[in-house]
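The structures come next, written out as structure tokens.
Two complexes come next, and they have one chain in common, chain A, joined by chain B in the first and chain C in the second.
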Partner chain A sequence: MIVKDVKMKRRWGMAIDLDKCTGCGKCSLACNQENNMPIFEDDSDVPKRVAFLELMKLTNDRDAKFPNVKTAYLPKMCQQCEGNKQGKHPAEPPCVTVCPAVATDRGDDGVVSQIWSRCIGCRYCQTACPYEARAFNWWKPEYEGSFKNSLSTDVSVASRGTIVKCTFCSHIWKRERDKAVAAGKLDINDVLYTPACVNTCPTGAMVFGDLNDPDSEVSKLANSDRAVRLTNVIDDIKDPAKKKALMDKKQFPNPKVYYLTSQKWLRDMMRFNPRNDAAKKNS
Partner chain B sequence: MKKIERKDFLKLGAGAVAGGLSGWVFSGSPFMAFQWLAEWTQDQYVPVKGLEKYVEAVSDSCPNGCKVSVRMIGERAVKIESKEGVCPACQNALQMLYHPERIGMPLKLDGAKGSGKYVPVKWDVALKDISSRMNKLISEGKGNAIAAINKNESLNGQLMEKFIKAAGSNNVYYEASLKSITSATLGGFINYDFANTDYVLSFGAKLVEGWNSSVDMQKVFTNWKAKGTKIVQADTVCTMTASHANEWVPVKPGTEAVLAFGIANYLITSKKMTSSGDEFAKWSQLIINKFPLAKVATFTGVKEDVIKKIADEFSKAKNPVAVAGKGGAGVSASSAEIIAVYCLNTLVKSKAATLMKNSAVTYTGDVAGVDALIKDGKFSMLFLNNANPVYKSALGEDLKKKMEKAFVVSINPIMNDSAAYADYILPSLSYLEAVTPSNKEVVKKFKESKDAKDIIIALAKAVDKTKNTFSFSDGIDSYKIAGKDSATGGKFSFNVDKVKNVIDAIEKKLAQNAEYPLAMVPVEVPLVGDGDGLAFPYVLKSIDPKVMLYNDMYVQINRDTAKKYSISEGESLVIKSARGKLGKVYATLTDTVAPDTVAIPLGFGHKNFTKYGSGKGVNPKTIMAADVDPLTGTADWWSTRVKIS
Partner chain C sequence: MEKSKNLFTAIYDGIFGGTSKNMRIALYVLFGLTALFLIFAIQILFWGLGYTDMDNNFTWGAWIIGDLGLVGLGGGAFTTGYILYIFRVDKLRPIINSTVLIGFMCYLFTFVFLLFDLGQPLRCWFGFAYPNWGKGVYPHSMLTEVFFCLSFYFCVLIVELIPVILEHKVLIKNKIIAAIAHYMHLLMWTMAAGGTFLSFFHQGSLGGGMWGVLYAKTVWFAPHFFYMAVVAAMAGGTSFMTLMPYIAGKILKKELVPMETFQILTRVSGFIFIFYFIFRIYDLYMVANVYAPMGGRNYFDMWGGYYGFWMIVLELILFMGPLVFLNIKSFRDQEKFMVTGAACGVGAIVISKLSVLLHGFSAPNFPWKGFTAYTPTIQEWSITLGCFAVMILIYMAFVKWFPLFPHLEHHDEHEAHH
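Up next, the complex of A and B:
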């Protein structure tokens, strides 16, 4: 049986509540495990390291003095940019527009995917990405000895000289879809899934779901006042007309990962707001 | 027929070559060759395919008893998931299970201790040698010279305790943990009813960084946030707990206990509150005389009215609770601190802290605790049950020397700093290979490794005196005799005679010290904890380059303090304490650390912890304060006087 004319309704997005994140690091472990992250001789060697999810430690100690300081952890992965579809020059996400090999693309479900083996290693996408979310395999992944046994068959092992990135664990969605098809459910829009990092988060700080569904938890969180997108200053403009005018003129990556926080210093930091802004607040 | 000229002949030849070449090119074979070359040079690995299934497992080696669901591809475990929550070590268990340096056979030392030279032997040979040595000691009446150090109170730890006690020794110890040091001090560990508290006063306890039970505490924290439970954190560094707390009380390093004295003093004198503990009158007199609020304020750097305010809020809350115990993984606290903080709970009659006891774990030995064993204990035979005291104890170097003279048996799945000084290494399992009453093993056992429970039972059966200790021979049956937690019901004692000396020592440590003007406190890095995580690449992957880069470790120093000592960002440092000096570390300047304090990451500097974990950074415990507390039996190393140059 072939299902015709199924329109994709889903637009996957993520919300991460930084006020709930304790920095336990389990999202990073789960991500590494799920996505067959390369194991090198020394993974503490940062330039050589390949990981999709970076556990960033943030503090406001440049602007504040002890003890008026705060710390937070920010799990940073591919922000799954939507691109800027309006205006004179509709654009795909920054990485997609520059790829000469069609190795990376934004799907109709909103996920920016990448085919490891199609990558020619030019690293344009890595340069274009505003979030440093892409990693380059400078060396061949080693998976010494029995470590190979823990590799999943769902994610192909990347070879040396290719770019890899977070795909919102879209292979898990495929897995779920296969299961649904086996159970006789053929509508792609019926199947939901959860990426590995969200699945393991012990405090419920990470939420994943469909941004097109106004009732989903993630879209409620994304629309809340506490939501902030990394460096996406367009969000600060509340007037819709002004926002549209600016969107027409200028490109914005429009990420689909929303961070939530009520802490002003964190919001400022995520926007690269000038230092004195935060300093004023803290003094 | 036209004669073929030499020129034509050459033309024909060239044409044939050109045609052949173009044919070869158009056949695609050179491109195939390039592809083959690319594949060959890249040598891409393709994971072995198999049928997918999920298998349930329960961890028998972690105190949480994490329940997980393992995704399998054929016979390979590829992912660990959990609905109930899982601790970081259990989440990362695949890296232990499939570690390339797993020990697959019993190993016998074949050279000097610490040389790392081992030869594989058969199980029966190893057991026979170990048991005959034990038999000899016992028959000579030296049974008490057999000692054991357990990593934790899990079932195999309980079996080890039973086995060693049956052999006639009183020397079973547990590595410093919240349970072990609290039990040694108060006569029981504390069960906290965090779900129903409305005010949490923490004396440096890293509540969200893994303190107590990381799985439970993450749930508790979520619950607190939802309910609006007030969290007050006294801390020297802006840790995640301090940052998440409703109120962070920045205290000078090592003064958490003094703050507790101050609050107790205020509650006793101004609020006329009393505690039911034995010797309370004597203790309160001591605290009132020694720690007037003004003095507490100078020591801790917390203003008198702030101390009063906290004490008032704490006493007026509906169900307040005070907690001690410092680190998420690296637990260290003095008995004086544990008693003072527990006293606060008894003063306000907190319903959220109950003293508990496990029926199978006593925490009583000839000496008070594991560091006391290292310092004063006399043993000629030592069992290490997955413990790594050479690395984790502040007295690790002393233990090395004692281990060189003793006969040491270590039970562990991968090499560690302590096993490197063992005469025998008996390989144990990861929890995914263990059988529990509710679950079969997820993955077949690695080579000839055995369940730690089975190893201990087999050892007991092989020794004459202990052969009837266990009525069963299979580790699975040991679940029947697993210890149960119950409330002690008893009163705790302030133990003033002993605690008096500890309080004096704290005062001495905090006094001005011209030679060692700075204090060094540890900070814990996510997943690395107290060092157990460092052997695993996926943990190394998460390490912040501001903590370690290219095996160079960074210590955090307050900006003003750095200015005072003219230290710039990234500059190399030598840290010295009265005990010695640390190898080269580098400075990173941050105001998240209190002035006159050096915050040093814990968990690095392993000498022998597989190729992944060894030789990275330095182990600060080698120079940390190592005075053994008479009650906890462990060194209170959390804050150490140092100087930098």
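Up next, the complex of A and C:
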């Protein structure tokens, strides 16, 4: 068997249990270290910060007092959208088709990749992204003092003026694959891996795996009633015929990151129009 | 030293000599803006886009608004060229050189703005070298279409501009140059036709298609946006092409272009504005009733914020100018109404581009976020206004030294003979 003849069967996805997340921020830290995130003097300038994983704080009401106030933390990275088949159009993530220099693509494992050194910095993909998942290097990436020594050699350091994004740490998968090949295992589908954020989560709120494998933990979680995808309104339409009709008119992001929660207020937070959706469900 | 001093005085006299005091002040301001443009251009190109107020949420700012405005209004060049060379409306001939020059500058500075907007300007050729082409004729990326159609049309505009330069009173004395200029004029209809063809694509893509195809962004998603931008460019562009020589004529206190020509062009503009208005109303209806609910959003929630409804209301008010003043003959025949109509038309186009961009980026992507604001920094203002200043200076130079309005020159010669 030759490696290139093997078809990739995996479709990587993630499930994040918001009820288990304590907001400790270890995922963000691990991501920054694994992916060579630059450190700036003023990283409180959030809109210009370069980070793949943003830990967002959600609250039901800013002015609410103790027993009524509810808070949750939502780790948000690239949702690895798939889009949906729309008539003759193939499914495409929102950001991939727009790139004028083919710097971004979706791999056969469903991961949306980005080549830093091909990017011309037009930021059209960033404009197209509904999850603000792509970061632009507004300044020259800098690594203070000894931070330079801890840079990962698997992820290239981006230059100023390019877009960078989360790739589900696919370099770890490549590393694992190389190890497997060295050990004589040539089937790429044998290789599983865990991204840095998932690996470090102390409460086990984040689960990563293959969505194509019905027995994997992540696909079980993704199919559970607690799963909800961020602002992906097509999920609220239960009637398959209606769903198909809508998908023929327009693509929807269809992300591969599933958030899990049992709290109603948090589920409502994931939609712009929760009341409308509730009305639709009742009708 | 003496020589350079002489050269400096010669240049100074050449530019400022024989000008009125007001004109001198205007020129100083324009040159000042140009200097600021150069200074901040160096800063942005060498030290990056961090100095702008753009960020990961507000990804594009003042320059792309400039791009949209310039391309949208520069669209008057292909419309006027098409009417003159293909429909043979010869009364438009006095305005065509000015139109071509404005079109040329609009596109030139669109390129300049686009270049500044790139994080890696040195990689701009990647757009041609690695185009994101689909399977058929159509490119995958709207920006690929912009890259190709914009540069091809820019070449067309250069070819159209060459005769204006060749017809300079010194150059035209050379028989070969005169012959080239003559035959270029005869074959210009091919350029007008080709330019119109190319313009339809890039007007659609840069003006609207680029935003209309972003299916995940409900604020923008509208499949008809591409076509609406073409109509908008034809409507607003013709108004803009009327307005510029009119203002130049007012400043120089002479009739650069006959009123008749202005009236033909504004009549065309007003007529196209009717279609654009109907299209825009259809657009508002579709977005509010079909596309916004489809994306799970309420149109009226989505259009709040800093750049929301008031811009649409202002745009609709400005629409009344071209619709009323340019379409009713008794109004159009009066100079003041004609100019007001054209100015309102240009305003409506500019406001529509502003609201697409400012509001589109300002609207939150997550339900728990609010609207964001954008305040351009001194760098962004300087580069934007500096480019406009350079455009005005180039136009002034052409008015002064080149046969931008050829019928006037013949007129002068005619008088001289007597």
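One rule holds in what follows: the second predicted complex is superposed on the first by the 260 of 283 C-alpha atoms of A that agree within 3 Å, B and C clash if a C-alpha of one lies under 4 Å from a C-alpha of the other, contacts with A are read in each partner's own complex, and residues count from 1 in each chain.
To be clear about the criterion, a contact is a pair of C-beta atoms (placed from the backbone, for glycine too) under 8 Å apart; a residue touches a chain by one contact, two chains touch by 3 or more.
Note that the coordinates shown come from a computational prediction; the quantities given were computed from them, not determined experimentally.
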**Item:** chain C versus chain B on the shared chain A, clash or fit after superposition
**Value:** fit
**Asked** First (chain B), second (chain C), both or neither: which does A:130 touch?
**Response** second
**Request:** Look at A:44 in the shared chain and tell me whether it touches chain B only, chain C only, both, or neither; answer first, second, both or neither.
**Result:** first
**chain B versus chain C as contact partner of A:161, first or second or both or neither** = both
**Request:** Identify the partner contact of A:203: answer first if only chain B is touched, second if only chain C is, both if each is, neither if none is.
**Result:** first
**Item:** Contacts of A:139 with chain B and chain C, given as first, second, both or neither
**Value:** second
**Prompt:** Between the C-alpha centres of chain B and chain C, what angle is opened at the C-alpha centre of chain A, expressed to the nearest 10°?
**Reply:** 110
**Request:** Please indicate which partner A:65 is in contact with in the superposed arrangement: first for chain B, second for chain C, both, or neither.
**Result:** first
**Message:** After overlaying the two complexes, what is the shortest C-alpha distance between chain B and chain C, in Å?
**Reply:** 6
**Item:** Those residues of chain A which chain B touches in one complex and chain C touches in the other
**Value:** 49, 56, 59, 140, 159-161
**Interfacial residue positions of chain A with respect to chain C in the complex** = 47-49, 56, 58-59, 81, 83, 94, 97-103, 118-124, 126-132, 134-140, 159-163, 230-231, 233, 236, 246, 249-253, 269-274, 276-277
**Item:** Complex interface listing, chain C residues touching chain A
**Value:** 48-50, 54-60, 117-120, 123-124, 126-127, 130-132, 140-144, 146-147, 210, 213-217, 221, 291, 293-298, 301-302, 361, 365-368, 372
**Request:** Report the residues of chain A in contact with chain B in the complex, numbered from low to high.
**Result:** 19-20, 22-26, 28-30, 32-34, 36-37, 39-46, 49, 51, 55-57, 59, 61, 64-67, 69-73, 117, 140-141, 143-153, 156-161, 196, 199-200, 202-204
**Request:** Under the touch definition given earlier, write down the residues of chain B that touch chain A in their complex.
**Result:** 41-50, 71, 73, 76-82, 85-86, 88, 91-92, 94-95, 97-100, 102, 208-210, 214-215, 218-219, 221-222, 225, 238-240, 242-244, 248, 250, 526-527, 537-546, 548-551, 558-559, 590-595, 611-612, 616
